[in-house]
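Letters A, B, C and D mark the chains as written, and numbering starts fresh at 1 in each.
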Amino acid sequence: MSIALATHDLVKNFGGLRATDHVSLTIHTGARHALIGPNGAGKTTLINLLTGVLTPSQGNITLEGENITRLSQHARVQRGLVRTFQINQLFADMSPLQSLCLAVSERNQQGRDWWRVAGSDKAHVDEAEEILTRFGLRDVMMQQTRFLPYGKQRLLEIALAIACKPRVLLLDEPAAGVPEEERHEIIDILAALPKDVTVVLIEHDMDLVFSFADRISVMVNGALLTEGGVDEIARDPQVRAVYLGESGHE
Amino acid sequence: MAPSAHQMMLDQARWRWSESLFWLSSLAVLFVFPSKALLFSQIAIMGLFALSLDLILGYGGIVSLGHAAFFGVGAYAAGLMAKHGMGDPLLGLGVAAFVAAVIGWLTSFLLLRGSDLTRLMVTLGIALMLFELANRMAPITGGADGLQGMMVGPVLGLFSFDLFGKTAYLYALTVLFLLFLLARKIVHSTFGLSLRAVKGNALRAGAIGISVSGRLVAIYTLSAAFAGIAGALSAQTTQLVSLDVLDFHRSADVMLVLVIGGVGWLYGGIIGAIMFTLMQDWLAGITPQYWEFWIGLVLVCLVLVGHDRIKTGVQSMVARLGGKGGAA
Amino acid sequence: MLTILFDGIAYGMLLFVLACGLSVTMGLMNFINLSHGVFSMAGGYITAFLINRLGVPFLLCLPLAFLFSAALGMVLERTLYRRLYARSHLDQVLFTIGIVFMAVAAVDYVIGSQQQTVKLPEILKGRIDIFGGSIGLYRVFIIALCGCLAVTIQMLLVKTRFGSQLRAAVDDPRVARGMGINVNTVFAITFAVGSGLAGLGGALGTDILGMDPTFPIKFMIYFLIVVTVGGTSGITGAFFASLILGIADVGGKYYVPQIGAFIIYALMLVVLIIRPQGLFSRSKGK
Amino acid sequence: MSNHTFSKRVWLAAPVLAGLGLLAPQLAQPASAQETVKIGMILPMTGPSSSTGRQQEAAAKLFIQQNGAKVAGKTIELIIKDDTGAPDVTKRLAQELIVNDKVSVLLGFGLTPLALSVAPLATQAKVPQIVTAAATAMITEQSPFIVRTSFTLPQASVPMAEWSLKNNIKKVVTLVTDYGPGLDAEKWFSETMTKGGGTVVENLRVPLRNPDFAPFLQRVKDASPDAVFVFVPSGFGAAFMKQFVERGFDKAGIKLIATGDVTDDDLLQEIGDAALGVVNTHHYSASHNSPENKVFVEAFRKANNNMRPNFMAVGAYDGMQLIYKALEKTKGNTDGEGLIAAMKGMSWTSVRGPVSIDPDTRDIVQNIYVRKVEKVGTELYNQEFSTIEAVKDPFKAAKK
């Protein structure tokens, strides 16, 4: 099995605080890999390092063998490393259709086209429309994003990432804040992701993690605590201690 | 039948009848009020200047309090050309656009980091330094006395600038219209869409593969070129350039003009220029000494009442008059 | 050269008192207020009026200028500025510029456009020689007074209950309300004190900087430079920024008069390019 | 979304309507009667130079009030406009006054660039442009239609240098504001000084927007000259004088000599005792001892809330005087070339003393007075103690 994404001895300091502590992580191609850990364990910082929002203080990151540690955010996206955000990061003043069209056009290297009207490439619009249909957003695709209900916005968050045709997809708590009755839409979407796309899932919801992931890494205090198969982790006393501790004040 | 998504995307850039009306009436005013041609050409130039600011503020999200830097650079470029025997107006515009764009490109890199306030001050600082520089280089720029001895040739070799300002207005209006079309083309393109994305959410824009800094540099450079052309127009139609073109109050005025008219839509700057300049001219005619007070009062009221509410007011008024007819 | 250093410090201190109120409203309350100079002008004019017309001694005028401007700030905050806190930065710019225009024209109309002057008491005139340099007594007075003020303000912000209430209100108004802090009052008092300080600065500065109806426009740029270079961490940044700018400006004009005016702008650009958040910013700024 | 578009569409049409509304009253102006002579006066009424505008407006109005609005059978109508000190506005206003209002004469112009911006128009439209304030020497050379009734800085600075040489002031530092007039003053003072055997140790230039004179004054002090020659524009004098005294120059034995701009009559009272004893040269003092001036000052104060007229007021007053005299000479004919011809060589007794218009340069020839600031009763005045008669602008004289 080939390696999709790997970090080697990754460190990130904020002033005196060490948010990421010598993390070495290997994710195989096509994996459904979950990253769990209590609040403040450094999961989101790790994602920010992987996607280039932050620059590591030390260590390196490779994507399919290529060292991407110093690459800009958008260069990583163009290489197929795409993420979603824990808190929705959408284009509030644009419609879902516009957002999706833009993402598709950017993927096709046409974002700098300053002459033709946006959406004049029919293939791109069709693809955007197809994704919107798949995510159940077809009906609201002309509305302004800021007025969409939260559940729809959460779907759009994922749809935007999908439009970038990821090879490695980092999902930061995709179901966060979504009411119970709408969760299934998201779970269905995740389940339907193509098998050759590598998925890294950061999640608190253990049901979702156990139903989706085939491998789990546990983070505590910025460092990797342990890693293993689903059953292995479920039985791990260390993990249970961390989580029982956490659930104690939740 | 519901329109296809493709059609809906294209519809957003459709030319509307009200736009034709707007441009036709802007041409017609010259014949209705020929004595006001000078004022109109000043409005057209201010409109172009505000349009250029809108490109970075309304579409790029960069707050600038130093946009006069490019206006001034363009004015001096065109003025110096005309002074040294190259008085062809279009050549002057081209050179002004180029020089302003180069300076815009060079300084854009200073604006990629920092908050609104930081950008405000960096742009302000650049403009102030250019002002001092122009003041210092008196042998070239004429310093505080202004540039003397400009000889501007006729437009296209055919239409020379007259005392009544007719040529000036038609020339300025044509340039404004063409550049407006270009700007319109750009903001409705994929590039324009990506700018909206960058302005709306730079973090996410990066996450869908947009090079945020690349886009900002591009639009800032373009905006500088537009402002440079506005400056060149001003230099050519008034046949004078003085330090005033780089002054702080010019940056502040254009910001006011744009905000009054509405940020983030291309007509905003032009309409702001119309309202601001007419209001200023009118008030200054009534009370040459204290018109600033009334402008101030208008600004304060505008903010307190809210520009949106004024828009809605006009809208509901028109709707009541015309029934539901015009609303599409 | 010691004299130049002292002149620079005095100038910087003056800038600090003028601008520190702004660095609180703008830096902490995130309210872009271009009309700050109006309160300085109020302070300067009331001082000139009190001295020249009513013969009030200069030293008594200073607290009166503070109170007058503070009262003016309080009234305007309650009636007008308060509505602007939640609005966009552009609205704030538009509104406060409008206020400046109105104030400039109104003062011009009521009082006239000539420079105002104040008569300093005899004890503040003249010069003393220290360490081989000769320093104007008035500037010594300014340095001493403004230095004390800076320490006092810092103490008020850091040590008192009001200071912590302000910081809480700034960090998250909703949470602060939940904790029983009267956020409106806190903001109003802060605004009033900031305006009062501006008024005091105007009163002190009339003799050195000159005072006429265009004062709010002329000095707006300097205030903004102090605030941005200082950063938004509170008044420490503004203090050091003022000092640095004052010394650099005076020193620059003395040693290299040819490029005098560039120095202050160049300095600002360099600082902002290296540290976009200003010299002193809260390490994890928003 | 569609609602949004609709409101924008309405918004597009609104300003057009509003614009028509605003313009309508301006169009309704009645066609001007043949007997009216319109004079367009463009002044900075707002912004940093607004004091110039105020003095000149008051003086021009006073002149009409005193002499009646009728001259040579025509009615004089004065139109005043504010150019905010911005040259492009000045030019547009001048153009509108010429084209729309059909003015016969343009008057005013507070600063050099403002006057220069109108010069090509004056030439093109053949309309006399009377400069009543701006004082850079070369202005009148920019158009054959420019006439000046204010003064030129060389005119005021050369006598100052000559007086200094005679009074044993040999080593001087100049300190001027860094713009046209300042540089004029610096150049002419320095040249005269050097030619006469004096030395100018240093030429200091203060930026136009300078909040603090301290560093420049310190430099002057370090050079320890006999005197410092100063030009700052009217309005900046007070701040300068204060700091000058505060720095203890009097004790260090450094004298202050200046052009009269520094001890502007308008501000002298505000500057206070600091100005006492300052020697300066200029063409007008409110205390000028002549019957004409007494009447003028009294009437001016009465009409303007006790404001004291300064040299700016006199420039405008004489500007109006010149127009009246020229109209009388042409018997009410308002042809531009005729008016200019009438103005050339015109002489009269101004409130500042005898003046005439140099027929070659169209610049004013006038007495320059050496004055000293003294207390008269409770008020400070520039007391004239020596007169240099009929001074022509040295700048143009030197070119011959």
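Side notes on the structure shown:
One rule holds in what follows: contacts are C-beta pairs under 8 Å (C-beta built on N, C-alpha and C of every residue); 3 or more make two chains touch, one makes a residue touch a chain.
All values reported here derive from a predicted model rather than from experimental measurement.
Ranked by how close its mean Cα position lies to the mean of all protein Cα atoms, the top chain is B. Annotation: A-B is the more contact-rich of the chain pairs C-D and A-B, by number of C-beta pairs in contact. With centres defined as mean CA coordinates, chain D is found 35 Å away from chain B.
Chain centres here are Cα means. That of chain A falls 41 Å from that of chain B. Inter-chain spacing, taken between the CA centroids of chain A and chain D, is 71 Å. Across the assembly, chain D contributes residues 46, 50, 54, 207 that each touch 2 or more other chains. In chain A, the residues that reach two or more other chains under the touch definition are 142.
Residue positions 105, 108, 261 of chain C each touch two or more of the other chains. In the complex of the two chains, the chain B residues touching chain A come out as 4-6, 8-10, 12-13, 185-186, 188-194, 196-197, 200-201, 203-212, 215, 218.
Residues 51-53, 72-74, 77-78, 82-83, 85, 89-94, 97-99, 101-103, 105-107, 110-120, 122, 125-126, 128-129, 132, 141-142, 160-161, 163-164 of chain A are the ones that touch chain B when the two sit in their complex.
Against chain B, in their complex, chain C makes its touches with residues 26, 32, 80, 83-84, 87, 89-91, 93-95, 97-106, 108-109, 217, 221, 224-225, 227-228, 232, 258-259, 261-262, 265-266, 268-269, 272-273, 276-278, 285.
Contact residues of chain B toward chain C in the complex are 63, 110, 113-118, 120-122, 124-126, 128-129, 132, 135-136, 248-249, 252, 255-256, 259-260, 263, 289-293, 295-300, 302-304. Interface residues of chain D, counted against chain C in their complex, comprise 46-48, 50-51, 54, 204-205, 207, 209-212, 214-216, 218-219, 235-239, 242-243, 246-248, 266-267, 270-272, 307.
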